[in-house]
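Going in written order, the chains are labelled A, B, C and D, and every chain counts its residues from 1.
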Amino acid sequence: MNTIGNIYKVSIFGESHGVALGCCVDGCPAGIPLTEDDFAEDLARRKSGAKGTTPRKEDDLPQIVSGVFQGHTTGAPITILFHNNNTKSKDYSQLFDHPRPGHADFVARVKYGGFNDYTGGGHFSGRITLGLVAAGVIAKKIIAPMNVNAQILEVGGSKDIESAVAKAIETHDSIGGIVECTINNVPVGLGEPFFASVESEISRMAFSIPAIKGIEFGAGFNVAKMTGSQNNDNILDVNGRTETNNAGGINGGISNGNPIVFRVAVKPTPSISLSQDTFNIKDGKVEPLVIQGRHDLCIVLRVPPVLEAAAAIALADLSLVAQTAKRVFTKQ
Amino acid sequence: MNTIGNIYKVSIFGESHGVALGCCVDGCPAGIPLTEDDFAEDLARRKSGAKGTTPRKEDDLPQIVSGVFQGHTTGAPITILFHNNNTKSKDYSQLFDHPRPGHADFVARVKYGGFNDYTGGGHFSGRITLGLVAAGVIAKKIIAPMNVNAQILEVGGSKDIESAVAKAIETHDSIGGIVECTINNVPVGLGEPFFASVESEISRMAFSIPAIKGIEFGAGFNVAKMTGSQNNDNILDVNGRTETNNAGGINGGISNGNPIVFRVAVKPTPSISLSQDTFNIKDGKVEPLVIQGRHDLCIVLRVPPVLEAAAAIALADLSLVAQTAKRVFTKQ
Amino acid sequence: MNTIGNIYKVSIFGESHGVALGCCVDGCPAGIPLTEDDFAEDLARRKSGAKGTTPRKEDDLPQIVSGVFQGHTTGAPITILFHNNNTKSKDYSQLFDHPRPGHADFVARVKYGGFNDYTGGGHFSGRITLGLVAAGVIAKKIIAPMNVNAQILEVGGSKDIESAVAKAIETHDSIGGIVECTINNVPVGLGEPFFASVESEISRMAFSIPAIKGIEFGAGFNVAKMTGSQNNDNILDVNGRTETNNAGGINGGISNGNPIVFRVAVKPTPSISLSQDTFNIKDGKVEPLVIQGRHDLCIVLRVPPVLEAAAAIALADLSLVAQTAKRVFTKQ
Amino acid sequence: MNTIGNIYKVSIFGESHGVALGCCVDGCPAGIPLTEDDFAEDLARRKSGAKGTTPRKEDDLPQIVSGVFQGHTTGAPITILFHNNNTKSKDYSQLFDHPRPGHADFVARVKYGGFNDYTGGGHFSGRITLGLVAAGVIAKKIIAPMNVNAQILEVGGSKDIESAVAKAIETHDSIGGIVECTINNVPVGLGEPFFASVESEISRMAFSIPAIKGIEFGAGFNVAKMTGSQNNDNILDVNGRTETNNAGGINGGISNGNPIVFRVAVKPTPSISLSQDTFNIKDGKVEPLVIQGRHDLCIVLRVPPVLEAAAAIALADLSLVAQTAKRVFTKQ
């Protein structure tokens, strides 16, 4: 189930401390200019290094293994690798028996009968989102002139992000936040009724990002308190432009030509250095856990390019699917 | 794109004013007791009739067309039909040219080049959720002893639902609300990392329900304001029971054995009888629109069984997928 | 697994003696003229009535339940039903315990734990191909100006079909045959490398038809005896027209612009009235079985429209998929 | 469309002269012992080196990039790479303009608008089957105790394979052949009616192998000449063992417990060193083509392990799908 998409199909693979991780992208049309440099910007935005992010340093240099020839996509599947260099597996061995609260340690152990790679979170590491970002860079090229732009709205409940991070560092605790994503230049007609609604496809992708616990489109949860006359977006012209955008650019699951707008809630990373009382499987009792290793205190800082990728992948697939209906039948 | 699921596959079809609507369910194991009576309870809960719901009356009697023999599922695809009886198509003809704000009228016309069935909202009608509810009834049997239970938390911003509806009737306006869904008796290990996370699969299904504009799991949007030490759910025993349930029963996309809890925001129905100034395509200008026909003022009242069905369908598929990994390999 | 296709998705359902059978077709573009009359020709060709076919008579009138409005497809899923009228279920009850050799009776009983509908072959009946033919009629419209034409090459090892059938009737035995299918006006570029090669997609559909046991494309099994210089089809012009067509119109899994040609082997129907010595599960021993009921002696006579439908469905999906790659990127 | 499978999903990627090629395998249960050595045997059988095979030498050493930890599968996706070392791209540049008859050169150029990687056949190279063989090795472990065994029946129309190859070398021509594959220890009940019949799934995989132009199961094309009384396989015991195996182990698309047997026709490789008169796109006329480079004269010699892999992949997926129906419901 690590593959998504009907036409633009993305498979991701890899582990935090394995040989390499990456993605395999299928269904990308031929002829799109693509080089390894094209990934640099989004990868840099995702990278750690800022205050509040993990001290683990990785080059995160993408290697295009297939599907590109003479600087263009060929129509064949594109596999992109990121080699892991800076791995410290000894940090994680205790967590197999003493799983971190809020993390996937416990469920991974049970689900895979103890065969899961638990070093660095294994396949559940946020590091796997490198493959998403790479697939997103290609998706952004497919959906142009649509453009996708995510930004942090608040961190730790505050709009003053810098001080919120400073406080987290000081208290040795982690913090969450909210990220908003806007897609402009969206044509009318993307998305399918019901199961492949724009909301369905974007939310499915967004919840593929570790730490996301909520999503809302347009006016979002506020619609619950609004009346129809407040919430309805009056249409202004033949292109479907609306006076307000409470719908977040989507009606009946279909894009309506206005910007698609959605927000996600990012939880605080579970790996904190404060002591936590939680069950130790080996010892058969609740015991204090103090987590070693290198972790992000404020993962939300690194979410925007990943969220953009998630949205771009969903929209690339919906765009290509929409092309299948473009055969012209004139109404009689 | 009207089919969903990897193993438990649900296809829905039909129009508000067509011959019939329904669902085709594939991948259901053989041997599950199933009769048409089994659908009665959830269909009744979805039905109109209460104050604030549409005056359109339909029997909503399910007809099992295939896949059931001598009172049990056979393993073959199960098709269930609901015949439309009470259709008043004349009510809707004007809306093709003068699309309702907040509704799918405009996008449907553009997406399908004017060939869409616009009577009663056509394939975008909330009536299509009958097929979801039917598929959900079967899904609930597959996932037992898990049980799914949705309830309304608030309507029109108020917990006093009756008075909120009365006010909406009085003001001829529609209102939204919030519905919470809880799934109990969930085993550890449902869901797959990333694209088929429990959150991904449930949200995708939930956003297939018309009028849903937001979803959050566990502590939801509140996680954005919490620290890791507040949000982390300490594990209490070998079964993964946790002290709190901020994760809503899901870590790393995988069920952790605690109840799955999520909430959705339901928007007010766009069809209101108040006049709205919105673009008339035929006339080429913004004009007042007064909507005729029979509509729900408070669709949230009918959402709970539909939301339960959405969750049950997602979990049925994840449960069957999880069975494919059950081959026993003992760790050496 | 009763749904096929990436974009043009066909689900089939039903049983020989159930309420109704049919298909649900998703992904059909809007605006295609479609009425119930359009199915008449192919359904008539599939019908029984000729010497050598079953005496069971059914109207086989299609009912379009959804997805068509004012004589055109709407873009929404199209469900088509065929009601069963002429069922004689008492004929089949013995076969549950004394399964017919060559038929699905035994495997269906084991696979579904005895819950399968065994009347008239249940979901394994050739009657289910009605849904295929219906989905094929729509597919043929999508792929026009491609046209699909199947014809019988031989029956019971003979090209004199009439006398072969007469002999089968006389000997109370059934006979097989070979059917060839040709698709003309095929553009270059349908099919995808490897898993969605034209051969893969057509063969997968063809083997969905009960009684097909072999398929070959172009020169087929003869290629095994040919040299490269004999088998290679020299290209004559810029459109890819070839001197010979040993490839059956397909190179590297992709259509090459020449007619697609393939042949299938149809086995003799297993239900014969001659006594057969075969295992009786209830009695626990091999016993003579004399099959009652109404059966085809020469099912190959009814295969051509079903095989055309199978090919048309595969090509409709490949055509729609190919449209997703049509975004123009000029080579630099 | 380079991904196949419902649960056991295989994606293949790469080009003949690219950086690397390989496969990404998803849905493999955790806990299967797996090391790089496990691939050695099948890769060696596929390797060139024998008379009649290409002089290009590659190590074909698999690198497991993800999904394996401490010698066992983890349940996460398994990516396996094969690095290309011995590439001579200059050999192929002329073929872009002067496409080889019988090869994918022409269709690839048209389908991908000239952006295809044409060196060494690019993504259409038989070399891509390395990824299939690797995915097949894992599949074989999943389906054990089923075992898959393919052998060459004839080459160039002869059972004396050695002399047939010698003659081909002498005449500078290529030759085809027939390979038979048998799967033993098959349980009753694999496969699904219609679209996922065992024949559908195996044939779809088999036609993913370059050069396959026909497939037949059991008695295959001979059934067309047989009567029902000759072709029917009488059942001998409660396990479904049959007297004959004309059905090739499959009834109604479902495995019947007897060995699955099928044969494929392999065409002679199109790349021959004899001169061929075929269209030159650049020159706009038919001209003699003499193909340089390193090619197989008798690719059939290398097909058996690839065909086994194709069958194993299909059966692994069907086996895992069949597990989803294993919930026990006792017949009442």
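Criterion: a residue touches a chain if its C-beta (ideal position, glycine included) is under 8 Å from a C-beta of that chain, and two chains touch if they have at least 3 such contacts.
This is a predicted model, so every value here is computed, not measured.
**Q** Kindly list the shared contact partners of subunit C and subunit D, in label order.
**A** Of all the chains present, those in contact with both subunit C and subunit D are A, B.
**Q** Quick check for the class: compute each chain's Cα centroid; which one is farthest from the centroid of subunit B?
**A** When every chain centre is compared against subunit B, the largest gap points to D.
**Q** If you average the CA atoms of subunit A and of subunit C, how many Å lie between those two points?
**A** Chain centres of subunit A and subunit C, defined by C-alpha means, are spaced 43 Å apart.
**Q** How big is the gap, in whole Å, between where the Cα atoms of subunit A centre and where those of subunit D centre?
**A** Measuring from centre to centre gives 36 Å for this pair.
**Q** Two or more other chains touching the same residue: where does that happen in subunit C?
**A** 1-3, 6, 12, 27, 30-31, 72, 75-76, 111-113, 115, 123, 193, 321, 325, 328-329, 331
**Q** Inside the complex, what are the residues of subunit A that reach subunit D?
**A** 1-3, 9, 11-15, 18-22, 24, 26-27, 30-31, 63-67, 69, 72-79, 81, 111-113, 115-117, 119, 122-123
**Q** In their shared complex, at which residues does subunit B touch subunit A?
**A** So the residues of subunit B touching subunit A come out as 1-4, 6, 12, 99-104, 106-108, 110-115, 123-124, 128, 154, 156-157, 168, 171, 173-178, 188-189, 192-197, 199-201, 203-205, 207-208, 210, 212-238, 240, 242, 246-248, 251-256, 265-272, 274, 276-279, 281, 284, 286, 321-322, 325, 328-329, 331.
**Q** Touching residues of subunit C toward subunit A in the complex: what are they?
**A** Touching subunit A: residues 6-7, 27, 29-33, 72, 75-76, 142, 193, 320-321, 323-332 of subunit C.
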